[in-house]
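Here chain A shows up in two complexes: once beside chain B, once beside chain C.
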Partner chain A sequence: MSALTVTRSVRRNAPSALVLVWMLAPLVPILVWGFAARWSAPAVLPQDWGLVGWRQALDSGMYAALARSAVLGLVVAAIATPVGAMAGRALGWREVSYPVLIGLVLLAPVVLPPFAVSMGLDVLLLRLGIPETLAVVMVLVAFAIPYTAYTMRASYQSVDPEVEEQARVLGATPRQARTRASLPAVRSGLVAAFALAFLVGWSDYAVTLLVGGGRLITMPVLIGATASGTGREPALAALSLAAVIPPVVALGIVLRFARRRPSPVSIQPEVSP
Partner chain B sequence: MSALTLADIGHRYPDAEMSTLTGIDVDVEDGAMLAVVGPSGSGKSTLLRVAAGLQDPTTGTVLLDGRDVTGLPPEQRGLTVMFQQPHLFTHLNVLDNVAFGPRLHGQSRRTARATATKYLDLVHLTALARRRAPELSGGQQQRVALARALATERSVLLLDEPFSSLDTELRAAMHDLLAEVRGALSPTVLMVTHDLDEASLADRVAVLVEGRFAQVGPLFELYARPANVTVARLLGGFNEVPGTVEAGRHLSVFGEVTLPDACAGQGPATLLLRREQLRLQVPGALGVSGSPGAPGAPGRIVNVSQAGPRQVVAVEIGARPESGSGPRLRVEVELPLGQRSSPGEHVVVCLDPSHDVWAVDGHGAAPSRLLLA
Partner chain C sequence: MTSGRAGTGPAGWRQVAPAIVVVTLVTGTGLVAVLATSLGLMPLFGKAELGTQGYQAGASDLLLSTRETLGIATSSTLLAALAGLLVATALIGTSRGSSLAAAVSAGVVTVPHLIGAASVSLLLADSGVASRLLGVEGRSWPELVGGAWPVATVLELAWKESAFVALVVVASVSKRHRDLREVAAVLGAGPWHRWSRVFLPAATPALAAASLIVFTYTVGAYEVPRLLGRSYPEPLPVMAFRLFGSIDLASRPQAAATAMVAASIALVVGFLALAAAAGARRHQRRDRRRDRRRDRRTVPIGAGAR
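Now for the complex of A and B:
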């Protein structure tokens, strides 16, 4: 391999490598802590290595918290994605009046401070007698819908609404036109929206804690509780590492579908050969 | 029986002041092709959408093989549409795009693909069956879209400016393909287009102006006898010569022109002369001004342009006192091959006596009644 080839390869891959370093750098300390038995300042590396952190994490209920977070994320995504898809379609294809106003209403849960919204909704939901877990799901869905709706709006904007009319004149019912023509065309957007909604449910702390009344122990709540103690850095690191895995998997799935995203087909004027 | 009948179709968008379509009546015979031409905004696409069931008419009925389908959704009408954009389904390959309709009609995947293969073969794209839509060129995409529409095996095919996005050469190839498909399958076709070359593929052409049919007939008939000035302007290539009709003769700067028997009536009338109906001669030449059978008008060439191998000259003609028309008239003349002229030349514009002439009543842009007996 010539020096020129090496230089070109380094130049080509340097930006990606820098992004990777930027993303992974914060994980290095917790990765080390996760496998440290004793690590006192000012040592650069732990004095003793071990799995004490993981044992403490398991003892504190890590598996159950992982399962609760996963279920919460999936339920939130399962509700927020179709709702966001409908909203995104209506906004992207201009099927509603006052799209700007509707867009602002959808954005409200994200624009307002989550603690303030959670406190206000907590009082309201308690008065309505809605069970805590259901209340958490409802509030998180409201928080996730802006992400799903805006993701789907962008997806629908890249697809010509006439694609459904095309399906209709080929013999499709309105439902078939959606399921066989337009939804497959926005498939990558659906995957991204689902992943984002899942992450909203997975990573939430404030709503789960406040609206859930501290009884719904998810991974963020468990990490928060662990972080409030002292001398529990190995357990905190192990929990944090475990909590990172699903978002990374979700990101991988989104990137995979983003690469396969079909481009809208339209004829551009072309010159015959 | 007509395969497709549009009876007294009217359409108006909510809150619109004007109707998009008014009193549209037309039959398309089984296996025939009707082209609807008209300027932008004349209601062509709305008419097609009403026929397809994508839009409800305000008045009138749509009949398919005598069956009233006015209230039916598109999928229950028994017709199919090919739009200007191919709208190929990007998640499917070419074969499955074409098999889309047959699958919806209950065919198994294997049978639907066999059907699709047959129609892909008809448009000469069998080799690309496994390709994805974005990998195809514009012409190939439109071929797939045509095959997909045909694969529904519905008797009526609606075409909405299907080839207007293609360049001239590809469009000509698609015209050949459409003719081939018509020969093989004899579908009933309603096509809207603004391209008169495309319209020439049809058995009959309907001229839509401001939501009404101004004239319906074979294209050659439209060129020979346009119903009014608006139709003539849409077809292009006509000179409008104002004058008056008296006792079967048109009086204008060209003098007295005897009109065919089909023209009747009295009063102001516009003589419609195609630019190839006129000849240029130099003043004083034998058989020009004043010679019987070859009315002529002196003028001066103000512009020369090229239309293919022939020159088209614009001549400004002075008024004749007896014509009662405006002071100057500008006409275009297509010269025979080999004849050449230059701006500034003084010439006499003559009518070629071998061509029939045609006149419609009234002057100007307003649609006028045809001077037919």
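Now for the complex of A and C:
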């Protein structure tokens, strides 16, 4: 390789390299601290490496918190995805009047600060005697619906509503037309919507703290408590790493599905009957 | 059921009803209840009494916190928009590195703000990773975390939201952009003109909408300034949380009033965002109509090429 092509390749990739530095630099501390046993200032690298932080994290109840966060994320996604998919279908295929108004109402949770809504609900839920965990799920589902509904609206917009009609012509029941024709066509949208809703439950801090009354210890709640202590850097870094990995895996799954070729039904027929 | 394609009717309403009910029930009741609490109508104990005590009791603090919130939200939004635009510029490139950079940016969007804040505190605090790397120790290291200026808070918000802005811009631009850039290159436009005359105008509507969403988010952000900011004056969400958790039950209306101020700012900006998005859509439609009219008039040289 000549010097010229090397220079050209460096110049071509320089913007991407800068992006990588900007995106990853803020996360370097948790990566290093997560495996540091002793790292006193002003040393540039830890004096001793080890898994002290992970041991402390386990002692503070990391497994239970991970399980609670995972269940919370899955339950929120399991409710918000079908609810959002139905709304997204009606909006994307224009099966409902006043689509603009409905779209606006569904955007309310994106605009309103979750902590403000939660503070209002807290007193009410207390009076109504609704269990805290159920209330947390309900509030987070509401905050996840904009993401699932808008993702599914875009998904349905890219699929011709005719697919269901064609399935019906070929003898499918309305139910079969949905489960065998239109739902497979929006599969990648469903996966993306589920992942987004999962993230809402997985990463929430303010709602869980306010509505859950501090008794529902999810990963973010545990991390928040650890962050306010001093000298707990290794444990904080270990917990943070443990909380970052599942969403990254989820993202990998979404990207994999998104890159797949569209299923045959999503390709519009060239020949009209 | 009349046909596969339902048109508009009760079937459509049945499909949107669950979403509408959950969203309005949660946000509507939450907002009404927080307003009622701020006006003294929903005390935890005792008699309800209408009044503006919640707003007046700590009026000077409320004003200071509002200023702090607006300062943080404005500066982090501007930084996120600028960084996001630059990142998007790099991501739409055709080099092999740009798809890796895009995947990493998407990864940053999934990182919870709480964890970003925890990592940034380990990075920028006194004797944090940055001060060690730069060899600046002790008192000569500026107070980035918890200092007089919310530097760490703004940087964390700008960092994570820049990834969001970049992804929104890339998603809205990439389709038509490649063709237009080619055309501009053929017509002799250099890299700077391709960026300023082709990319920038195409990116502006998405950039504006994403920036306004970032602004509303930062107005309501609690965990980032809680971990990285100073204790006084504190932004609205941090103040509301502190008052809400106070053992003095009289501070509940104050907490609710603080939350109402934050919610009102977010609502106003959110409304502006929607109006801007609607305006951009109308603009796009008009452009497309004009393009079509022009296409009909001119001889279709490349017709059938695709």
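Simple rule for what comes next: the second predicted complex is superposed on the first by the 237 of 273 C-alpha atoms of A that agree within 3 Å, B and C clash if a C-alpha of one lies under 4 Å from a C-alpha of the other, contacts with A are read in each partner's own complex, and residues count from 1 in each chain.
Methods note: a residue touches a chain if its C-beta (ideal position, glycine included) is under 8 Å from a C-beta of that chain, and two chains touch if they have at least 3 such contacts.
Everything quoted here is computed from the prediction, not taken from an experiment.
A.B. asks: Quick one: name whichever of chain B and chain C touches more residues of chain A.
C.D. replies: C
A.B. asks: Considering only touches as defined above, state whether A:53 meets chain B (first), chain C (second), both or neither.
C.D. replies: Neither: A:53 stays clear of chain B and chain C.
A.B. asks: Please indicate which partner A:248 is in contact with in the superposed arrangement: first for chain B, second for chain C, both, or neither.
C.D. replies: second
A.B. asks: Name the contact category of A:160: first (chain B only), second (chain C only), both, or neither.
C.D. replies: Only chain B; A:160 stays clear of chain C.
A.B. asks: Now for A:187: first (chain B), second (chain C), both, or neither, which partner does it touch?
C.D. replies: first
A.B. asks: Per the contact definition in the header, classify A:141: touching chain B only (first), chain C only (second), both, or neither.
C.D. replies: second
A.B. asks: If we overlay the two complexes on their shared chain A, which of chain B and chain C does A:170 touch? Say first, second, both or neither.
C.D. replies: In the superposition, A:170 touches chain B alone.
A.B. asks: Once the complexes are superposed, what residues of chain A are shared between the chain B interface and the chain C interface?
C.D. replies: 162, 165, 167-168, 174
A.B. asks: Which stretch or stretches of chain A touch chain B in the complex?
C.D. replies: Chain A residues touching chain B: 160, 162-163, 165-174, 176, 180-181, 184-185, 187, 262-272.
A.B. asks: Using the touch definition up top, name the residues of chain A that touch chain C in the complex.
C.D. replies: Touch residues, chain A against chain C: 12-13, 15-20, 22-30, 32-33, 41-44, 83-84, 86-87, 89-91, 93-97, 102, 104-124, 138-139, 141-143, 145-146, 149, 161-162, 164-165, 167-168, 174, 177, 199, 202-203, 205-206, 210, 220, 223-224, 227, 233, 236-237, 240, 243-244, 247-248, 250-251, 255.
A.B. asks: Considering the complex alone, what residue numbers of chain B touch chain A?
C.D. replies: Answer in residue numbers: 52-54, 73-75, 79-81, 83-92, 100-101, 104-105, 132-134, 137-139, 141-142, 148-149, 152, 158, 165-167, 169-170, 173.
A.B. asks: Please output the residues of chain C touching chain A within their complex, sorted ascending.
C.D. replies: Residues in contact with chain A: 1, 3-9, 11-13, 15-16, 18-20, 22-27, 29-37, 42, 44, 83, 87, 89-91, 93, 95-98, 100-101, 103-108, 110-123, 127-129, 131-133, 135, 137, 155-156, 159, 162-163, 213, 216, 219-220, 222-223, 226-227, 237, 240-241, 244, 252, 255-256, 259-260, 262-263, 266-267, 269-270, 273-274.
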